[in-house]
Amino acid sequence: MEYIILDKRLDYDGSQISSLWAYNLADVQADSIIAFRGGCDVKAEHMIDLEDKKQGDLIFSTDMVHFIIEHFDSTDLKLVYARQRLFTALVAELLSGYGNAIVRRGDDLFVEGKKLTVSIASTSAVSQKIHFGINVVHDHYGSLEDIGISGSEVAGLMEKIVMLYYNEFADIEEDLRKSRPLDVI
Amino acid sequence: MEYIILDKRLDYDGSQISSLWAYNLADVQADSIIAFRGGCDVKAEHMIDLEDKKQGDLIFSTDMVHFIIEHFDSTDLKLVYARQRLFTALVAELLSGYGNAIVRRGDDLFVEGKKLTVSIASTSAVSQKIHFGINVVHDHYGSLEDIGISGSEVAGLMEKIVMLYYNEFADIEEDLRKSRPLDVI
Amino acid sequence: MEYIILDKRLDYDGSQISSLWAYNLADVQADSIIAFRGGCDVKAEHMIDLEDKKQGDLIFSTDMVHFIIEHFDSTDLKLVYARQRLFTALVAELLSGYGNAIVRRGDDLFVEGKKLTVSIASTSAVSQKIHFGINVVHDHYGSLEDIGISGSEVAGLMEKIVMLYYNEFADIEEDLRKSRPLDVI
Amino acid sequence: MEYIILDKRLDYDGSQISSLWAYNLADVQADSIIAFRGGCDVKAEHMIDLEDKKQGDLIFSTDMVHFIIEHFDSTDLKLVYARQRLFTALVAELLSGYGNAIVRRGDDLFVEGKKLTVSIASTSAVSQKIHFGINVVHDHYGSLEDIGISGSEVAGLMEKIVMLYYNEFADIEEDLRKSRPLDVI
Amino acid sequence: MEYIILDKRLDYDGSQISSLWAYNLADVQADSIIAFRGGCDVKAEHMIDLEDKKQGDLIFSTDMVHFIIEHFDSTDLKLVYARQRLFTALVAELLSGYGNAIVRRGDDLFVEGKKLTVSIASTSAVSQKIHFGINVVHDHYGSLEDIGISGSEVAGLMEKIVMLYYNEFADIEEDLRKSRPLDVI
Amino acid sequence: MEYIILDKRLDYDGSQISSLWAYNLADVQADSIIAFRGGCDVKAEHMIDLEDKKQGDLIFSTDMVHFIIEHFDSTDLKLVYARQRLFTALVAELLSGYGNAIVRRGDDLFVEGKKLTVSIASTSAVSQKIHFGINVVHDHYGSLEDIGISGSEVAGLMEKIVMLYYNEFADIEEDLRKSRPLDVI
């Protein structure tokens, strides 16, 4: 697995959830997690979650940190959803350390009752992908600012989150290689 | 998915991790999570984690709450390990609400630097299973007592944990049924 | 699994075989079988069976009962085809009870040598689906009318078929959760 | 796929459900269906269905026709169970042609309210298998005799059933090779 | 598995890598390998290898022998890539018999340091496919001419390669049907 | 993937084909290829190939180089067999460079008409494994000695073979991460 934290600002418009985006961007030929900072304005044509699409939901924010995960080891929807929930829990664990109560409901995080994040997961015929975005500042929704994270701390947080998933994934891959099959009653 | 909280005390000896244990115990013919309270003394022949077996690790505790999860939807090792980590994170989130800092490292939880839990996951040809045990009291390791959970609160905690996983699983199963496949670059 | 029998008439034009149609129609976030009554006029762009497409087959009927099945548990072509054949056999068993000899050949049913049904099965990256349509009346092909089913009996038949598959699926899911793995010679 | 109808009598004792039995018996290196005639007396150690094992069910008959199916294309429990139900339905269709009403419930067939058949399906790490047995004569249960099939007709029936599954399987394998993937809403 | 060697010349433009091309061309409803001779000029819209697409690589040759393989047994990317490498090795083995040193690097073959072949593999939701092309003559790249294969020998070579893969595949399918599952430490 | 070349001599008795042998031997928690030198004397209880077992074949050699490959990415028999054939072809390519004609038939290599190698592949519920052994010296069968490889060259060959597979596997894993899904006709 490779990880990249982009220096330059990039707006998430939904095209980044496409399979092989990492290869196209940076010639990545591995499973990967890529973080970047930028606005969020998802075009209807790129909406993966039909609920958003039906409701004409605006997925809009002027400043977010984004995480794009791609795995090529299977195209099992159940696996990518379990990984998405696990990623969400990792972020919750980290943010909880900043003093504010962070509440996780499914793939959403809340601070002081305000929604802090957006996320989606799905598969194509060649890979599985997760997008996870966290508001840096926001007028109505929750944001890192509400948690007391701002300025240069934002970049530090991006790196911490990337490393959390990177290490968790490596740890899982190791653990499953020392387990005997189950007996059966 | 079904859930059961056993009334009677039951010691975990490693045989409960076998596939179809839930059917044998209670005629369960569904994916399931079953909780019970009892000691923990795993015989070498039932050790699934080769690391424990090699090191001759004693997996021993006089009083634990145990959770046994079984899924029949695939026999993918990667999926059961992702689910095990997610379950661990769910328990961490819940216990963190009791005031003590709970630290998760992989599939282990710690309180005040003391290991609080044991866990294993694996598959047979017919199902995937997870065992997760939490010390209720312990002389050397961490325990629910250290967190301030004792007496009748233990039974309440068992139910809360069972419902957390039950609801998270149901929520995931619903979410993956409204996602469009990914585009490709 | 959920089942729905639509009250209002709906023509099958091939778009209903698309993945996530059930979610779009009725917010269904489960495996599902949905029945409705209406004409059948499949546009070439929606033809899944290349044989029909190559031959420029008209798939046309003015009045049919339609069944749309969607499963999200895997995207295995072999599984959805086995399920399609099983569904076809279930319908044959039911219709045989009305007195006329019903002949099944693959995924087709015949009454008095006349083709009574159309069916297709396939997968996308996120789900597997089956369409099965039965002529209610038809000038050239076989129809429920030929079997003596008409008027309000048609709605009753739709419900019976939906429940047959719903119950068979539930029964299979239970049965596979009590079987030990095979020994090997 | 290969098919074999054994000339010599062979009692089913449960060992024939083991993976690779066909190779061991007759050097079969293909998916296969093998039919033979003989008694049925399943030892507890070979019982695959835990329900039978728990209840200490005697699976006993002095004269049955047996069908053993093995597929190596996957080890998916859901697929072998769908195939088992389809096989059961094929047999029901055939036997219904002999004049008696044959009722199918899951993987069981009944004639005049009496159970006519036994069946089990499961997987190992290398293959999926189905056993299906039909009483030829029986004092208490249903039998081919009750349907009016006896003497040399029994051998003919064995061949018809073998060919039904053989052809159905070939037909499915062809059909799934002309279907386009589904669109998505 | 079926094999076809086309009599008439056909240029490879990238459309032949599409799933179900064999069915569309020749009503093939089986796994297949199809060989034909013709130019190679892949349009950008049909480029499967993103590296070629990014670099605006011209995949161009006036005279090649082409092999198109399609399997429907799974849509596992890892399996189709292992098969592609194996196919490449089979061709290398055969061409090495003509006297020139043939060097294989991944899915490419070289003669006298000059690239002799192009290849790609991928999956859709319904099948896995491989394209493999060998220059017959070429001004800059390696070609069969360099190896001393020309005239009517080219058709003979096409048949040999087709039969090599056909027989290797059949042999593998047989071998995997006589192997017991592994023990575990 | 990790690779290890054992310094000390080790006889292959069939136990090394068991899943998790690499973990037990050297705490390897990754996909791996491990090479060692020693005799070969497979006990009947460890015979994976039923053909050998049925024929009471002695798999015996006093001096071989052995390669043990383990992958945890799936338990698909088809994938491990494709990998076994590819590994065999890699060895053939390498040995062919030493001047003697090496003939590959399936998973066997021959030199001067004499069988040079033994190999088996299979899966358990947790991993897939390959054993491949090459005679160093042999009275009746082919050996590295026949090819002119002896003394310290044997250790060099072991390393070359290990690196060939290691690099081929890495190359495949990269290649499959830049391929777009297939179009469909």
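The letters A, B, C, D, E and F name the chains in turn, as written, and every chain counts its residues from 1.
Everything below uses one rule, namely that a contact is a pair of C-beta atoms (placed from the backbone, for glycine too) under 8 Å apart; a residue touches a chain by one contact, two chains touch by 3 or more.
Small disclaimer: the values here were computed from a predicted structure and weren't measured.
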item: Maximum centroid distance from subunit B, chain identifier (CA atoms); value: E
item: Distance-maximising chain from subunit C - centres being C-alpha averages; value: F
item: Whole-Å gap separating subunit B and subunit D, where each centre is the average of the chain's CA atoms; value: 39
item: Residues of subunit B engaged with two or more neighbouring chains; value: 19-20, 23-24, 50, 72-75, 77, 122-127, 175-176, 178-182, 184-185
item: Residue ranges of subunit A touching subunit E (in the complex, touch as defined); value: 20, 23-24, 72, 75, 125-126, 180-181
item: Touching residues on subunit A, where the partner in the complex is subunit B; value: 15, 17-21, 23-24, 46-51, 53, 73-74, 76-79, 81-83, 85-86, 89-90, 92-93, 96, 104, 106-107, 120-127, 129, 168, 171-172, 175-176, 178-185
item: Residue ranges of subunit F in contact with subunit A within the complex; value: 19-20, 23, 28-31, 72-74, 124-127, 173-182
item: Residues of subunit A that touch subunit C when the two form their complex; value: 50, 54, 75, 77, 122-125, 184-185
